[in-house]
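Here is the structure we will look at.
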């Protein structure tokens, strides 16, 4: 039987879910190994009945894992700071790679990986932009880009608003994420570039506020931010990122064109249940991205595997992530400096003098 | 002629609202009198500043009120048992009449009023079926009957579900209302006959249950009921009546045709506000028919006045109410006897032998 | 690795989907065989690349398939008329069985299978009532039965309204299904018994109409029907079945209690996309049950497999289906005869004399 | 009878509607005069049957109208450029004034009127911010400001998106309106100051695009714009203004706080009707602000009249408009210059050197 032998690196919240997706919803994948250097994750994995059932080998050393005979592909779900080095190492060992977004918060480091990947034309190297695999976003893309249902699209509003995390998990995770726009708006920017056909940025500005996570002050981060991106040619996108929603994972996108508007998930719903009682009519909201996007992750996994098995192009190349990060960083700079970030008509950032944007 | 001089008889919850509608939203009406024989309503009216401001005269005697010089029209909003006699008396004095539904719970008494009205061709005599004046039901009628948006309509689902009344008001009011189908399904049946183009009933059956108002047992009534009406020619309607909703006034209608379905108010909403909080996303529901239909009452009042001022046909003739009551009574009989009520192809009720449906 | 070796019998629309679910979303199942005696299904399966990839053996003889070494379980997805015999044969060979609803349109035949199953206490024999595995219906059950969110539930409204099938597929399929209430309301009745805690039926009545499928007249069937079931103790359910919806698969359920109402899927939605254009705001509707319930089928498959692997009780025993069918048949009789079907307080059908309900 | 004698100045689209509101829904108002100097409006008014019926006198000279004996109040609904002078003239003649927003596009001129009004303490002088009278926005205010339903509010998203006008009416009207943020975001800014308790602006930026109305280029205007306002103390608002929606008047506001979010009109609906057909499920959207806010205008009129009759403070003082305009102009400047507009901690605009923002 023809299945791709794959390993998942990183067993945090998301890594565990990728293993689950690969086992439960990706029949052409065969999870043969997982890897983590975190003691509590190692302990958790050692006791996992399902991993035993399916014979998944546990590693605490990434390089050793790459040596496992038969291993064909690696799904990198570690913290952002090792994405680039792990991708490079995997490619060097001839493994296909799906690396979670972003490849790096450092644009130059990311570019060096992209350049290196060109040296491995036989490998499938894919950026993990999961929303591109969601049925609703895809339906929106068909309507916008193929059917012309809204005429010429010129404006995107997109928000990624997370449920307030009161467990401390988020704060621990947030310290190395590059700032709210880099961490949180990245999918919104990706969708924007998709629906606006790779529009070229011209200027952007953003502001933020710190409402519930005072710990973020130390890393100069905020927990809510709003930004606008103006593109050359009269297109506009604006974003809202939040870590502090009371009601759940409220992630929506609207694309306006000359003849109409497409909304995706304007009213988030946990399921189809509505309770009518003295308070009125209430529906629950998904607590986090997993409930909203678990099927998208399944599609992503299957398409990655399919690209390997049938030597197809990957659905989301690494270059996509680079364009997204360029804008995310510009928004982040605007938030930090208070000044407008600008780009030339080729989409190249016009840098201010160092004294003007001297953010550490 | 500048304005129609009109009196409202009955100052219960609804009568007061009709006075309000006539003052606030019916510029061509001039409320010159109100009438009630209920001491607490008399007291309330005597102290009403607005009535003083607008010079509205208060009567405790209906016949005396009819003698007021210049009075042109009467809006009858008393209890059902005097609707017929008050309508007859008003016509005899040459007054136009808008009588709340139903004209009578006794089909023969109602018919005698209808017959009598033919003797006053110059008077406008109108049945108060307020939903016919609601913007949404009218839009549905346009789509169904004029635009053919759903092809040939053949099925109606309609419900009138009231908020549980815990004040005792309802119980007091309910004793003389003729049973739940007669009191509560009458608008649903009216809408059915409208959208199904006066379909002829063939058979009907219904059941009920008593959940929250044990006092209704004395009058053999229930507080929730469901009924089906089969019409000749393959059309069907089914209804749900409730007095016990926890969340508000939940009144919806769906009409299915060969090419589509029209829903009216499937999700009731108090206003446009949604609260998202830990519980999820919540909107409030109108507590009662007034919040849902206050604009319909204004349209009704204006069209009644307009019919008088410009000698137009009334928008809802008394005969409409009679067709509705025939079905309501048949459903009520089915609920009381457990047997199917049947009609011949002319829509005439086929009576069972007295021993079979010996309900008091 | 510990997986259940399973075969799927019947490769019609649904059978193919069950194979898909078992391959793609049921990691502890191993589909080792499929079986059909339909030439076009055999041909289709012979050319199926996925079946080859996963080494699934194709049979045209059910008995031979049962002989396959290692086979542990059978998923019966054939036409209703062979459900009973195939279930009996599988049990006789020591195979676990998941049999699609209904076990039989003949109540006595179904009972004989249930009785026979008692002779195989080691086998898992399960009724395929897929809605019991849907996340929304389960959430509703938790809210109603565990949390008491609506107080005491006493009324169910449930509809199964299918998209009009213009391909001829439905007509071919419909001839042996036992009538619209038996084929189409069976899930609604199942949900009712779930949410009303196995309420005992007292009386029921229903009517139908034939709007779009004149071919059904030959089998005395209709394409739209409405029915009411009254239960002992003041509970009520009412149903709408349709084969002729223009807009999609519109399947909703509402449960009303003394303190509130739970709605499931009152507004059906294909996905989270809304298009706003000159016509207004539009969302698409699932075309059929598969888009609505494909995750429920996955849960069903995993729980069946789990019951086998860990020797747990099956989530939906065969007896459940029998209670459902008793009511479905009573509604069907009412539709055919025009008379009320009645039950005694033990839920046993009170038969009318043969001359009264002389339906062939 | 005690009614306020009122005149309406300006019989454009809105002026006519104000007359309608005063006649049909404001029983304590008595429209005694209207005034316009536009020939086609004069002609229209001369032929208006309703105006004749209610004895409304028509003027083409504002000063003459102010001389009409008994006139107590003036509703100014002319073009913005004469709002200030007409307000001053009315006050000088001792008339109460309701002036449509904005009082002036020139902040200093507006301030001079506000200062002058202090010389007439006996007159009611009110700014026409109609959304403050809408039932939903009021309900939101109660929930946010009184009930604390969302904790501490810190973010507002608000949009005023109009249906594309293809009649040429808008273009004619737009030439003197001060730019899209001044004309179109003014209500959104007003709501923001309401819900954020008169937060003090710190910085703002905005961008625009011209998609459908090339005629606007001549006045340096755009037909879609997005802007962000940062307030001192960590509050943020962001706005979308559009003249080019395909589907209708799509005006919504969301207020986020530490414990929840309030949405107003996130899904605009013409009425309660939904059509389900082959395309899916569709509801219509209000074509313009009138269908959305006609009841708000009635409340506004009644409260203005009530303030006069009972000598109460006006519900929206002129000063409110001034705070709103300060922000609107700053956004407009940002759009025109591409630079961030900034304010000091007292909310006073920090001007850039003339060479930097040399917009004509």
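First chain written, first letter: the chains are A, B, C and D, and each begins at residue 1.
Criterion: contacts are C-beta pairs under 8 Å (C-beta built on N, C-alpha and C of every residue); 3 or more make two chains touch, one makes a residue touch a chain.
Protein identities per chain, from UniProt: A, B, C, D = Gfo/Idh/MocA-like oxidoreductase N-terminal domain-containing protein.
Here the structure is a predicted model, which means the values were calculated and not measured.
Peer 1: Out of curiosity, which chains are bumping into both chain B and chain C?
Peer 2: Looking at chain C and chain B together, the chains touching each of them are A, D.
Peer 1: More C-beta pairs touching across which pair, C-D or A-D?
Peer 2: Comparing C-D with A-D, the pair joined by more C-beta contacts is A-D.
Peer 1: Suppose chain centres are the mean of their C-alpha atoms. Which chain sits farthest from chain D?
Peer 2: C
Peer 1: What is the distance in Å between the mean C-alpha positions of chain A and chain D?
Peer 2: 41
Peer 1: If you average the CA atoms of chain C and of chain D, how far apart do the two points sit, in angstrom?
Peer 2: The answer is 57 Å.
Peer 1: Could you check chain B for residues that touch two or more other chains and list them?
Peer 2: Counting only residues that touch two or more other chains, chain B contributes 150, 245-247, 250, 259-261, 266-267, 270, 276-278.
Peer 1: Contact residues on chain A for chain B in the complex?
Peer 2: 245-248, 250, 267-270, 276-285
Peer 1: Taking the touch rule as given, give the residues of chain B at its contact with chain D in the complex, in rising order.
Peer 2: Interface residues on the chain B side: 2, 23-25, 27-28, 53-55, 135-136, 139-140, 143, 149-150, 259-266, 270-278.
Peer 1: For chain C, which residues count as touching chain B in their complex?
Peer 2: Listed in rising order, the residues of chain C that touch chain B are 150-152, 154-155, 157, 203, 205-212, 224, 226-228, 230, 234-236, 238, 240, 242, 244-247, 250, 256, 258-261, 266-267, 338-340.
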